[in-house]
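Okay, here's the structure, questions in a sec.
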Amino acid sequence: MTLRVHIAQETPMRLRGGFHCEPGQMVALVGPSGAGKTSLMRAIAGLMRPQHARITVGDACWCDSAAGLFVPPQQRRVGLVFQDYALMPHMTAQHNVALPLHDPDRLARATDMLRRVGLAPELYTRRPAQLSGGQQQRVAVARALVRDPAVLLLDEPFSAVDQMNRRTLYALLAELREDIAVPMVLVTHDLTEARLLADELVVMADGEVLQQGRPEVIHRSPRNARVADLVGIVNRFEGRWEGAADAPGWGLMRWLGAAGDGPQLRVRDKGKVERDQHVTWVIPGEGLALCDGTPPTDPRWLCLLAQVLTQHHLGDVTLLRLQTDQPTGTTLQLMLTGQPHTQLPAVGDTVRLRLDLSLVHIMPSRTVSA
Amino acid sequence: MDWQALALSVQLALATLLVLLPVGLLSARWLARSRSPAKPWLEALVMLPLVLPPTVLGYYLLVSLGAASPLGRWAQDTLGLSLSFNFLGLLLASVVFNIPFMLQPMQRGFEAIPHKLIEAATVNGLSAWATFWRVELPLAWPGVMSAMVLTFVHTLGEFGVVLMVGGNIPGETRTIAIAIYDRVQAFDLHGAHLMSLTLLVFSTLAVVASLWAGRRTPEGAR
Amino acid sequence: QPTTITVAAASDLKFALEDVAAQFEKGTGQRLRLVFGSSGNFFTQIQQGAPFHLYLSADEAYVFKLADAGLTTDRGRLYALGRIGLFVPKGSPVKADGELKDLARALKAGEVHKFAIANPDHAPYGARAREALQHAGLWNALQPRLVLGENISQATQFAASGATQGGVIAQSLALAPQMAAQGDFALIPATWHQPLAQRMVLLKNAPPAARAFYEHLATPAAQATLARYGFSRPKP
Amino acid sequence: MDWQALALSVQLALATLLVLLPVGLLSARWLARSRSPAKPWLEALVMLPLVLPPTVLGYYLLVSLGAASPLGRWAQDTLGLSLSFNFLGLLLASVVFNIPFMLQPMQRGFEAIPHKLIEAATVNGLSAWATFWRVELPLAWPGVMSAMVLTFVHTLGEFGVVLMVGGNIPGETRTIAIAIYDRVQAFDLHGAHLMSLTLLVFSTLAVVASLWAGRRTPEGAR
Amino acid sequence: MTLRVHIAQETPMRLRGGFHCEPGQMVALVGPSGAGKTSLMRAIAGLMRPQHARITVGDACWCDSAAGLFVPPQQRRVGLVFQDYALMPHMTAQHNVALPLHDPDRLARATDMLRRVGLAPELYTRRPAQLSGGQQQRVAVARALVRDPAVLLLDEPFSAVDQMNRRTLYALLAELREDIAVPMVLVTHDLTEARLLADELVVMADGEVLQQGRPEVIHRSPRNARVADLVGIVNRFEGRWEGAADAPGWGLMRWLGAAGDGPQLRVRDKGKVERDQHVTWVIPGEGLALCDGTPPTDPRWLCLLAQVLTQHHLGDVTLLRLQTDQPTGTTLQLMLTGQPHTQLPAVGDTVRLRLDLSLVHIMPSRTVSA
C-alpha cells in the first residue's frame, strides 16, 4: 500500500516532482512558505485535479492524468488535517470528529479520540467558535485520525498546540503507527519535529520536490545549497576544489572567505567536482565543538581561533555566534549543552574551535538566488 | 370572518412550500455552485414571474392551462385533471409566482458556504447527498428560512394570479386575500378590517414561530 | 392653455367611450384623459380626493353616495342603460341564445363545467347577471359552477379565453371588434333584471371643459355611438 | 407600446431603490446584529406588507394617505404636498410594499459576515462608518444585490397597490404594469403581448446587467 | 507608556492575574492550549469586556471596570495579529495591509511592509484565498506592524511560517523595536522562540497568570512544578528536605525515586522549606553533562551511572533518555551537541553522568494534577 506521487503542473500553481511513502512510514514534507506543500496534499486528497499526475496507493490508482483517471475524494479514504482546520462551524467538537464515521457507536468513538488528543471532556459539546486555537486544531487532528484511512495527510497539525500537548499527540501518532500501517505524510515547519517524527524528509521549494531521504542523510549530505538552507544547516561556506589528497576518497579544498582565502581542508572526495571548481560546503552541528586542551594532531580535525560575537541562552542549549580569524571575518554558529553557565565563553572571548573535517559535505555551488 | 378562505390560503401556502422546497433547494444549490456563463441569464429568468403584473401573469397562465388550451385539454383527457378554477390550478400558479422568492434567498444562502467546508465534507467521505444534508443545508439554513417565510407570507397575500386562475370559487379557490378584497369592494369595511387583522395576526404568529423554530444559535462570542 | 379633463369611467364603457371621446376631441380640440376601472374603486378613490373631473359609474348608487357626501356638483344624470347577454366561446357545447334555453339543456346534460359572471356582491353587472339567471331558474343549478370575475371585464376574459363554457357579460364589451372572433353573444331580455342605470356626475372641482363633455354625452351623436356599443338610451 | 408608462415604472423602481436602500441597509444591519428578544417580532413586522392582498394594502394606504385622511390633510396644509394620485403617492406605496423584499435578503447578507472580521476592522481603527463601507457592505453585497434586484423587478410588476393609490392616470401614475393590465382588459391581446414581451426583455437585461455589474469574483479555487 | 494588565473574570472563560510590559520590551505569553492567552489579548485589544479588569498604557486607562471605563478598540490603537489571521477575504494582500492606514501613500506603505515581511511582489494583489497559509500569516503580521501602534499584540504570529521566513520576521521585529518603543506581547508555543525574542516570559495556565520574569530566571527557578512543566523543564524529580548542610545557604535533600530512596544531595537552601517536607526539584539542561574522566571530588558535583534508553538525533543536537541506577529506575533527559556521531553513547551503553548540584532548584511539591 505504498503511496506514490508524481506530479507536474504549472497552473494554478507550479508543482513538480514526486515522492513515495511506504505503509507505516512517516514522511515529512518540509519547505518554505508557499513551496506548494498544501497544494500537493490537496492533490493527493483529490481536492485539486492536477494537470499531469500519477498518484497510486498500492495497486489502486487515484489519479492518472494520462489515462484520464481521477478518483473523487470521497472514495480515497484519506485522513486529512487541513492547515486551517476546516471544522464545521455548526457542529460540536464531538460531531465534527464523528463526521467521517457511519457506525452506530460513532459518537462513542469520536469521544474516545477526543480524549486521546487530550481535549477536556467539558469541551466535547462546544462548537469551534467557543474553542481556543489549539483546541480546534486537536479536534481537526482527531477527525483525521478517527476514521480508518488509507493514507494520512497532516498539514501542520500541531502548529497551534503547545509542547506538552504536542508530546501527547506525538505519542498518539506513534501508537497509531503500530495499529494501522498506512502511509503518513506530515507537513511541518518545525525541523526538530520533522526529524523526531519522520522516517524520511521530502524537501520542497517553489513547487518543486528537491530531495527525499532519511533526515540524517539529508542533513549530512544535502543535494544542494538550497536544500541545506531548507533543512536549517546554518554553517554553510564557500570553497574551491583543489584536487585529490594523499589518500583515495579524500580531496583538498580551499576555504574561501568574503575577505580572502582561508586554510586548505582535507575532506572526503565523492568524485563529483572537478579541480578549481567553485563549491559550497556545509558542516553539521555535530562536526563542531570547542577544544578544551591542546589541538589534536589527527588530520581529521581542523582547529581555528574564533571570537564570540553573540551568546543566546535558549534553555537547554546555548547558541554562540563566532567569527573565525581564518578566513578572516567568517561567522559560524555553535550550539552548546551541558556547560554550566559559568564555564561558557563570554561575548568577546576568543575560543578554540574544532572542525571534524570528515563530516564536511561538498555541493556544487548554487546559482539561483533565494 | 371567512375561516374557510383562511384555511384554504394556509393549505395553498403549505402546498406551495411543499412543492417548491425540493425544487428550489436543488436549483438554488445548482445555481450557487454553477460557474456557467449562463448563470446571470438563468438568475434573470428566475425573476421573470415577478415582472408581469399578477393579473396579467394569471391571464397568461389561464390561457395556457385553461380548458381551451392544449395543455389543459391534454391534462383533462389523459389525467382527468382540470388545471384551472380549482386547487390544483391555484397551486400551479402559486408555484410559478413564488419561484423568485424561493430561489433568490436560498441561492445566496448556498453561495455563502465556504468552499473549504464542502471540501472537508468530501474528504471525510460524505456522499454528495450526505454533504447536502449535513453540511450545506444547515449552513444555508438562514437563507432557506428566509425563502420559506417569504413564500409562505406572499402566498397568503397573493391576489391577482390566484383570482385569475382560480375564479374566486368559495371553498375551492376563494383565498383569504380574495375574500378580503371582496369585502372591501362590497364596502363591508368592518368585515374587511376584521379579516385583515386576523390575517395579520396569524401571519405574524406564523413568522415568529417559524423564525423561532428555525433560529440558529448566534455565531458565538468571538 | 386648455386643461386636460380626467374622466373616470366604468370598464364596460371601455370601447364606447373611446369613440365618443374621439368625436368630442375632434370637435372641440379639448384633450381628455380616460381612465377605465371598476366603479367601486373609483368611488373609493374619489372619496380620497382623486383628481377626476367626471365620473361615469356603472351603478348609480355610487353617484348618489358621493352626492350625499357633497363631493359632486349635483346628483348627476343617467347617460345610458347597460345590457347583458350570454357569451359562449368558440367550441363551447352551449349555444348562444338569449332565453338561456340551451344553457339550461347543457347544464342538465352536465356539459357546463364553469360559467363566468362578475362578482354579484359588488359588481353591478354581476348583480344583474344573478337576477337574470334567477329569472331563468338556472341560478341554483349554476351556482356551484360559477367563477367570479373581479369586475365585468375579468368575467369576460374568463369566458373569452375558453376557460369557461360561457358567461353573462356586458353587451358593450361583447360588441367590441376583438370579441367578435372569440365566440357568440346573445342579448338577455331587459325585463329579466333591474336596469343597469349608468349615471355620471361632475365632481366639485370640474373645470368648464368637463361640463362641456358632460353635456356632449347627452347629444344625439354621442348617444348614437353609445347605442352602437349596445347601450340603450335612458328615459329622461 | 406605452413608453411613457415604462419610463414611469423605471423611474418609480429607481426612486423606490433610492429611498429604501439607505433605510434598508441600516435597518437590515441593525436587525442582523441585534440580540434583542424582540428581533423575531420585528422581522415578522417587516413581512406584513406582503400579507395583505396588494389592492387591500393599497386601499388602506389610500385611506390613510388620501386627501380625506388626517395625514393627507396635514401634508396638504403644511407642506402643500398631495400624498396620493401622484408620483409621490406611488413612491410612498411602493416603498411600503417593498420593505420585505429589501430587508430580508440584506439582513441575511449582514448576518453571514463572520464576527471575527468586524472585530479585525475595529481593532484596525476603522470607525463604525468605515467598517460599514469597507467591510460589511462588500461582504453583504450578494444579499444587497438580491434585495435590490428583487425590489426593482417587483416594482416594475406591481399592480394592485399602485392602481389603488395612483389611480391609473396616464403619464402620471399609469405604470407599465397597469398599462398592460389595461390592454388585457381591452382585449387588445396583441398590445398586451407586445408590452409584456418588452417588459420581460427589459427586466431580463436589467437583471443581467446588475448581476454582472455587482458580481463578485468567486471565493477562489480553495 | 508601560502596559499594565490586571484582570479577574469567571465567564465566559476564567482569567486571573496580570502582567506588565515596558515600552520597547517584548513579553512572551506562554502556556498550554486553552490557557487563556488569546482571551487575554482580546481583553487588551478591547474585543472582550472583562468582568473585572484594569488595563493601562502609560497614563492612559483603557479599561477600569471599577470606574466603569472601557475604551473601544478603535481608540486603543493596538497592532494585533489574530491567531487565525482574520484577513478580509474581499481585499488583496496590499489592501488588507493598508486597512489601518489613512494617509494618501497608504498603499505604498503597505507594499513596503509586505516586502519587509518577505512576501513576493506577485502576491501583493492576490486575495487571501489564493495565498498559502504562511503567506496569509505574513500579510496578517504586516497589517499589525504597518500602523504606528500604541501596543503590539502578536498571537502566534509565526506558527505557519518556516524557519527561514521566521528569521526574516525576527529581524523585522528587532528593527521595529528600535524604531518604535511600544510594549509588545507575543504569544508563542515555541519556547525557543520565546527565549530568543522575549525579554520576559509570562507563564499562564488554566486562565491564570503563574509567573512573570526573565526567561533564564524562570527557567532556573520556576515558581512551582506547573511552571517548570510549562517552560519545558523535563528533568523534574521528587525529594525530601533533610535540613541544613555544613555551610550557610546550603541544605541537604534526599532524592526520592519511584522504587526507593536515592542519594542525599547538597543543594542551595533558600529557606523556603522545612525539614522532612516533600519537595519537587528540577535541574536545567546546563546542569547535566557526561563525565569523560574520573569523577570530580568537588561536592558541587554528583556523579551517577546511567544506562542509555533511547537516542534521538535531532540535527544539531542529540537527545538521550537515560535511566539512573540510583534512585533505581528514574529516567532523565540529556541533550548533547558537538559530539561526532561515532563518539555518541549507543542505546544500552552505561554512561557516567554529572549533575551540577548548585543549579538544582527546589519548589514546594505540586498538589494540583496536570
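As written, the chains take the letters A, B, C, D and E, and residue 1 is the first residue of each chain.
Everything that follows uses one rule, which is that contacts are C-beta pairs under 8 Å (C-beta built on N, C-alpha and C of every residue); 3 or more make two chains touch, one makes a residue touch a chain.
For reference, the UniProt names are A, E = ABC transporter ATP-binding protein; B, D = Molybdenum transport system permease.
Treat the numbers as computed from the prediction; the structure is a model and nothing was measured.
Enquirer: What chains touch chain C and also chain D?
Expert: Both-contact set = B.
Enquirer: Need the most distant chain from chain E, centre defined as the mean of C-alpha atoms.
Expert: So the chain farthest away from chain E turns out to be C.
Enquirer: Pick out whichever of the two, B-C or D-E, is joined by more C-beta pairs in contact.
Expert: B-C
Enquirer: Round to the nearest whole Å and give the separation of the Cα centres of chain B and chain C.
Expert: Between these chains, centre-to-centre, one finds 36 Å.
Enquirer: Could you grab the centroid distance between chain A and chain B? Build each centroid from C-alpha atoms only and quote it in angstrom.
Expert: Taking the mean C-alpha position of each chain, the two centres sit 57 Å apart.
Enquirer: Can you compute the centre-to-centre distance for chain B and chain D, using the mean CA position of each chain? Integer Å is fine.
Expert: Computed value for the inter-centroid distance: 19 Å.
Enquirer: Please tell me the distance, in whole Å, between the geometric centres of chain A and chain D computed from their C-alpha atoms.
Expert: The computed centroid separation for chain A versus chain D comes out at 59 Å.
Enquirer: Listing for chain C: what residues touch at least two other chains?
Expert: 41, 44, 154, 157
Enquirer: Residues of chain D that touch two or more other chains: which are they?
Expert: As it turns out, chain D has residues touching two or more other chains at 59, 116, 119, 184, 219-222.
Enquirer: Please output the residue numbers of chain E that touch at least 2 other chains, ranges allowed.
Expert: Those would be 12, 47, 84, 130.
Enquirer: Flag every residue of chain D that touches chain E in the complex, lowest number first.
Expert: 116-117, 119-127, 134-135, 138-139, 216-217, 219-222
Enquirer: In the complex, go through chain B and note every residue touching chain D.
Expert: 35, 40-41, 43-45, 47-48, 50-57, 59-60, 100-101, 104-105, 107-109, 111-112, 114-116, 119, 142-143, 146, 149-150, 153-154, 156-160, 177-178, 180-181, 184, 192, 196, 199-200, 203-205, 207-208, 211-212, 215, 218-220, 222
Enquirer: Under the definition above, what is the set of chain E residues touching chain A in their complex?
Expert: 12, 30-34, 37-39, 83-84, 120, 123, 130-135, 137-138, 156, 159-166, 189-192, 195-196, 215-216, 219, 229-232, 284-290, 312-318, 334-341, 356, 358-359
Enquirer: Touching residues of chain D toward chain C in the complex: what are they?
Expert: The contact residues of chain D facing chain C are 59, 62-63, 66-69, 72, 82, 84-85, 163-164, 167-170, 182, 184-189.
Enquirer: Taking the touch rule as given, give the residues of chain C at its contact with chain D in the complex, in rising order.
Expert: Residues 6, 8, 11, 14-15, 33, 35-37, 41, 44-45, 47-52, 153-154, 156-157, 160, 173, 176, 178-179, 182 of chain C touch chain D in their complex.
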